[in-house]
Amino acid sequence: MDAPPATERIARAGYDYVVLDGQHGLIGYEGLLNGLLAIDAGGSTGLVRVEANDPTPIGRALDAGAAGVIVPLIDTADDVALAVRAAKYPPVGRRSFGPMRSALRFGPEPAKANAETVVLAMIETAQALANVEAICATPQLDGLYVGPVDLSLALGARYPGDPEIADAFEDAVARIAAAAATAGIAAGIHTFDGENANRRLKQGYSFATVSSDLSHLEAIAAEHLRVARG
Amino acid sequence: MDAPPATERIARAGYDYVVLDGQHGLIGYEGLLNGLLAIDAGGSTGLVRVEANDPTPIGRALDAGAAGVIVPLIDTADDVALAVRAAKYPPVGRRSFGPMRSALRFGPEPAKANAETVVLAMIETAQALANVEAICATPQLDGLYVGPVDLSLALGARYPGDPEIADAFEDAVARIAAAAATAGIAAGIHTFDGENANRRLKQGYSFATVSSDLSHLEAIAAEHLRVARG
Amino acid sequence: MDAPPATERIARAGYDYVVLDGQHGLIGYEGLLNGLLAIDAGGSTGLVRVEANDPTPIGRALDAGAAGVIVPLIDTADDVALAVRAAKYPPVGRRSFGPMRSALRFGPEPAKANAETVVLAMIETAQALANVEAICATPQLDGLYVGPVDLSLALGARYPGDPEIADAFEDAVARIAAAAATAGIAAGIHTFDGENANRRLKQGYSFATVSSDLSHLEAIAAEHLRVARG
Amino acid sequence: MDAPPATERIARAGYDYVVLDGQHGLIGYEGLLNGLLAIDAGGSTGLVRVEANDPTPIGRALDAGAAGVIVPLIDTADDVALAVRAAKYPPVGRRSFGPMRSALRFGPEPAKANAETVVLAMIETAQALANVEAICATPQLDGLYVGPVDLSLALGARYPGDPEIADAFEDAVARIAAAAATAGIAAGIHTFDGENANRRLKQGYSFATVSSDLSHLEAIAAEHLRVARG
Amino acid sequence: MDAPPATERIARAGYDYVVLDGQHGLIGYEGLLNGLLAIDAGGSTGLVRVEANDPTPIGRALDAGAAGVIVPLIDTADDVALAVRAAKYPPVGRRSFGPMRSALRFGPEPAKANAETVVLAMIETAQALANVEAICATPQLDGLYVGPVDLSLALGARYPGDPEIADAFEDAVARIAAAAATAGIAAGIHTFDGENANRRLKQGYSFATVSSDLSHLEAIAAEHLRVARG
Amino acid sequence: MDAPPATERIARAGYDYVVLDGQHGLIGYEGLLNGLLAIDAGGSTGLVRVEANDPTPIGRALDAGAAGVIVPLIDTADDVALAVRAAKYPPVGRRSFGPMRSALRFGPEPAKANAETVVLAMIETAQALANVEAICATPQLDGLYVGPVDLSLALGARYPGDPEIADAFEDAVARIAAAAATAGIAAGIHTFDGENANRRLKQGYSFATVSSDLSHLEAIAAEHLRVARG
């Protein structure tokens, strides 16, 4: 959501990182830029889930000061290689040099920026699940990030939270964690509340994103209204 | 907060009205305008707490489509009369005609707009509390609106929620409700959660605003983090 | 044009739908989002002509609350299939789940959203005209939309409205209407005034978009100036 | 309306000046600034109707590059003197020096800027009409500007265009023109179409503003819809 | 200037404070808010020169996170008292409580915020110079801030930098420094380059603001062009 | 940088053209549009370095009024052909017709717009350098534009300005100038100050862009601070 003072508050709550969602987050370029400023003002670290596995949004998010990118709709190790190519300067990749805000973080040296820029691949399609071990082996990939709703739809769910695929979903989540552990990279997952996040962390996930600002707001506004009306 | 899609969500939660805070809400003119559009899109009614008891923000909020204004820092009945003068067209007041969005609500007839435009006076200073019965008697005033933090500071609180003045605060809240009831106008109050709102409604307040979007977000983000960390 | 109160006025004029032009409309992402809010506030239905046949703008327009997309520069049935794939959730397509505003319209069930999301293909190139019958047969396509200026240039016009290709243009418009009718899908066309729109509706077109806000303004401003100067 | 490309089109239509409406125009500070840039890009001259007779909006409109200000809700010659004081540098007035964009027009010399900055007083209240001759005599006032709707309401109209006060309104318009002519200053009036503007120019008014962008758009959109529906 | 990434760069250059100019800076409310976020992200401290000595912009700048305000066009000690009243909570002043971003800096306790919020009075009119000793004696005033261009115009300059009043200007600058020193408050001055700032610091001024972003840019762009053309 | 009044100042400094950087410039779509308005208001000519060699940003920059585009990361003559195809209307290319602001410059005739729209190819990769003669021979290409930092990294530099590859870099710059001269097209280069620009112009480059607004500001702010601190 494009609301820098709200983003700053969330950053100050103590989260290790805050993700700005360039894909589903109802946020344009100016919102990303001001959101990354707000995260820095709040003392946290900003990641951007980019709108697509495309060099333009990847480069622009990094130039604007993101510490890393979460790349959606990855299917194969080749897809990851394309994302890495977009996120890293030559000779590793093909990112164009113009680190307007990222140089504030990493300095102007391309090799240093390459080493510190994080690339995370979303696992949220049937193909990605089938290829997850190969995906994990892609050079320069820092971690996986599970998109639970899309993954559940890929597993046949009729709607988010469909109990019919709950077992298949848990198996998939476990397989993804195992693949990441074997490859020695991080695994993260989007969750909808703190309890769920806690469960995934115990399960071997090294980070878990908690809900979204818009869902937060909607839930608590409805709850207060229910209580007020007695 | 200037975030129209969040405002729309709150409007859709079923609240009878949504207040955009032009005084403390970190929201500029464009934010007010788009926020009022979002409230209309969400099917609720938009009020604006204006930044000051000044004809310019009062007229601009109404032109932009607010159903009414909440006017801060009222001390006397004369202050209310100035607010009414700014909110109503001649011969009642002195609002200039240019109802760009408000005519969509009320039509172009000034007398009709005058009849339907709501003016609420904030009771949040020591002077206002002393004058509350006279304030209630001002013609064209539709209701009172208690600003609990400023009122408590005016009663000597050292910080928001200071227990030392809790009794004096409850007395004041009761006096304000009684004055409004006697004058036959509405009384509302800002509250910080649904439970508190429910209590005030039982106490005779006819409407209660629940918290603010920024506080909502901060509270729930901190809570989820606490739970996630176990 | 990025001007939500103007968009709201047009929406309130009674049009069945209002198209926000993400391709030529001088409007960025924030403008699309606020424009869709304004259309909802005005009680009409918002469509977006996306900037390209690319999954990113298609998904983002739908997430932001568009009821459907108009996809430019379609050449073949394969192009349509790509657009459908971007606009529909699995198993029909490959849209990622994150229906921030579209769930307000359709609810969270992917199959229901798929059924109600409209996809229209622009017919505005020579190739598209040659392939129009095959295009119409693509599954999940809801209708065609003629781009008259690009189509006329494709037919050899030297400038918009070139009389030399008027006959060829009329033949093309008729062929497109016939292809849509045969396939049982809708056909629409962009027109420059109400008279033209009326003629196309009589010709079998089921909807016609009338001009653009910027052209409207320019025309009437020039006309008033001419009259004022006597 | 905050829509720079539309403002530029109107500026290019050949109007001698374009007024940005800071009072009723649904336009914030950024909109005024970009609107003045658009008017300059379009080759016309920008005036701003300020939101109030207050030094802050007057100074900010001029700093942002307006050639002059139209000051609303003037009642007396003293009101005009206050507006002049806000618009001119010492020793004439009390404008603070910081001509960020206005120096591009007038250069940095205060006396030169004072000479070229235009101040127009709106005549739209009963008091202003009663005092119009005295108002015209205020030093440094460049002209009057009739606000027809507010003036008609001041004369007792029940709604804009009320025929009951048509004669009184025409008398007032004639008196205002005569007062300006006697004082040797300009007189302008807001009109709603070119025909009306032409009539006022023949009546001795030296300039006439034609309608507003939002009304333009609404009128022509409704007309096209009516014709399209046959 | 409303350009958060540029503001962040200046904040990171090592300045002790960065002033956002709400009066002449071509910057609206959203620009102030994002600019204050950018200054915090850059690790400096943000002050706002407010647009006028009016409680609304003073309160809004502080709510948005400014560490203090610079108040323009002060003439008398009473003017300063009004500014203090707007900047401090009861019982010292009359600021309304709603410290949306300022509480991030000072915490929620009004007395603590009052103690840490900075109020600076601009000395830039003939009256202010005449009253400077009385102004310095106003309780709760933290310092003076010389506006050199307006002050020189007040002293009779025909244009910025007029050598005819150079001596009178230097006398005034010295008198202001002496008055502040006697009263034990700070004195600051706006300067146009580092050399000038250094001279004022040696003269007893405790802080000096260096130029403005827009002037910076214009000067260096012109210089590079001159050199490039040989 | 998205700051129209700063862009206008640079445009007024006398530069023949001003480039808005859609790739690394921290500027979204609205910033490009208002920046092009500001350049026109400042009396210069606007070019846009687009974010990628993709028809969408190329078409949108031109529709928004750019006189031409600078296309990054070109490797081959085929890449140039794609850029030309995106920038020119049929039959030369495949740009869709909707010249919202560009028609203000070129008129509505596609052939005329094609003739006057400038396409420049960036030479900044190892492949582009190897293919530079073939690239120059692509029909409809107006010139080359050297990206010195990316080109130096492509030549093995460890950081911008690495002296180890200085000779290789000078050879490359000379080869590019020669290739352009042979093909009869223009050659330009990005430089970091006026002196460097002057040297390149003497070397046969026909245009040279001088630095960027953000670097300008940062350099001069640091310099003033250094001097002020003595």
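Order of writing sets the labels: A, B, C, D, E and F. Residues in every chain begin at 1.
Convention: a contact is a pair of C-beta atoms (placed from the backbone, for glycine too) under 8 Å apart; a residue touches a chain by one contact, two chains touch by 3 or more.
A quick map from chain label to UniProt name: A, B, C, D, E, F = Aldolase.
Since the model is a prediction, treat every value here as computed from it, not as a measurement.
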item: Co-neighbours of chain F and chain C - touch as defined; value: A, D
item: A-F against D-F, pair bridged by the larger set of C-beta contacts; value: A-F
item: Longest centre-to-centre distance from chain C, chain (CA-based); value: E
item: CA centroid of chain C to CA centroid of chain E, Å; value: 52
item: Chain A and chain E: spacing of chain centres that average the CA atoms, whole Å; value: 42
item: Centroid spacing, where centroids are CA-atom means, of chain B and chain D in whole angstrom; value: 33
item: Multi-partner residues of chain D (each touching 2 or more other chains); value: 2, 5, 26, 28-30, 33, 100-101, 214
item: Category of the chain touch graph - line, ring, star, complete, other; value: other
item: Chain D residues touching chain F - in the complex, by the definition given at the top; value: 4-5, 8, 12, 33-34, 37-38, 40-41, 100-101, 104
item: Chain E to chain F touching residues, read off their complex; value: 1-3, 5-6, 9-10, 13-15, 26, 191, 193-195, 197-198, 201-202, 208, 210-211, 213-214, 216-230
item: Interface residues, chain E side, partner chain B - complex; value: 28-30, 33, 55-56, 59-60, 63-64, 89-90, 94, 96-101, 108-111
item: Interfacial residue positions of chain E with respect to chain D in the complex; value: 2, 21, 23-31, 51-52, 54, 57, 72-73, 124-125, 147, 149-150, 153-154, 158-160, 214
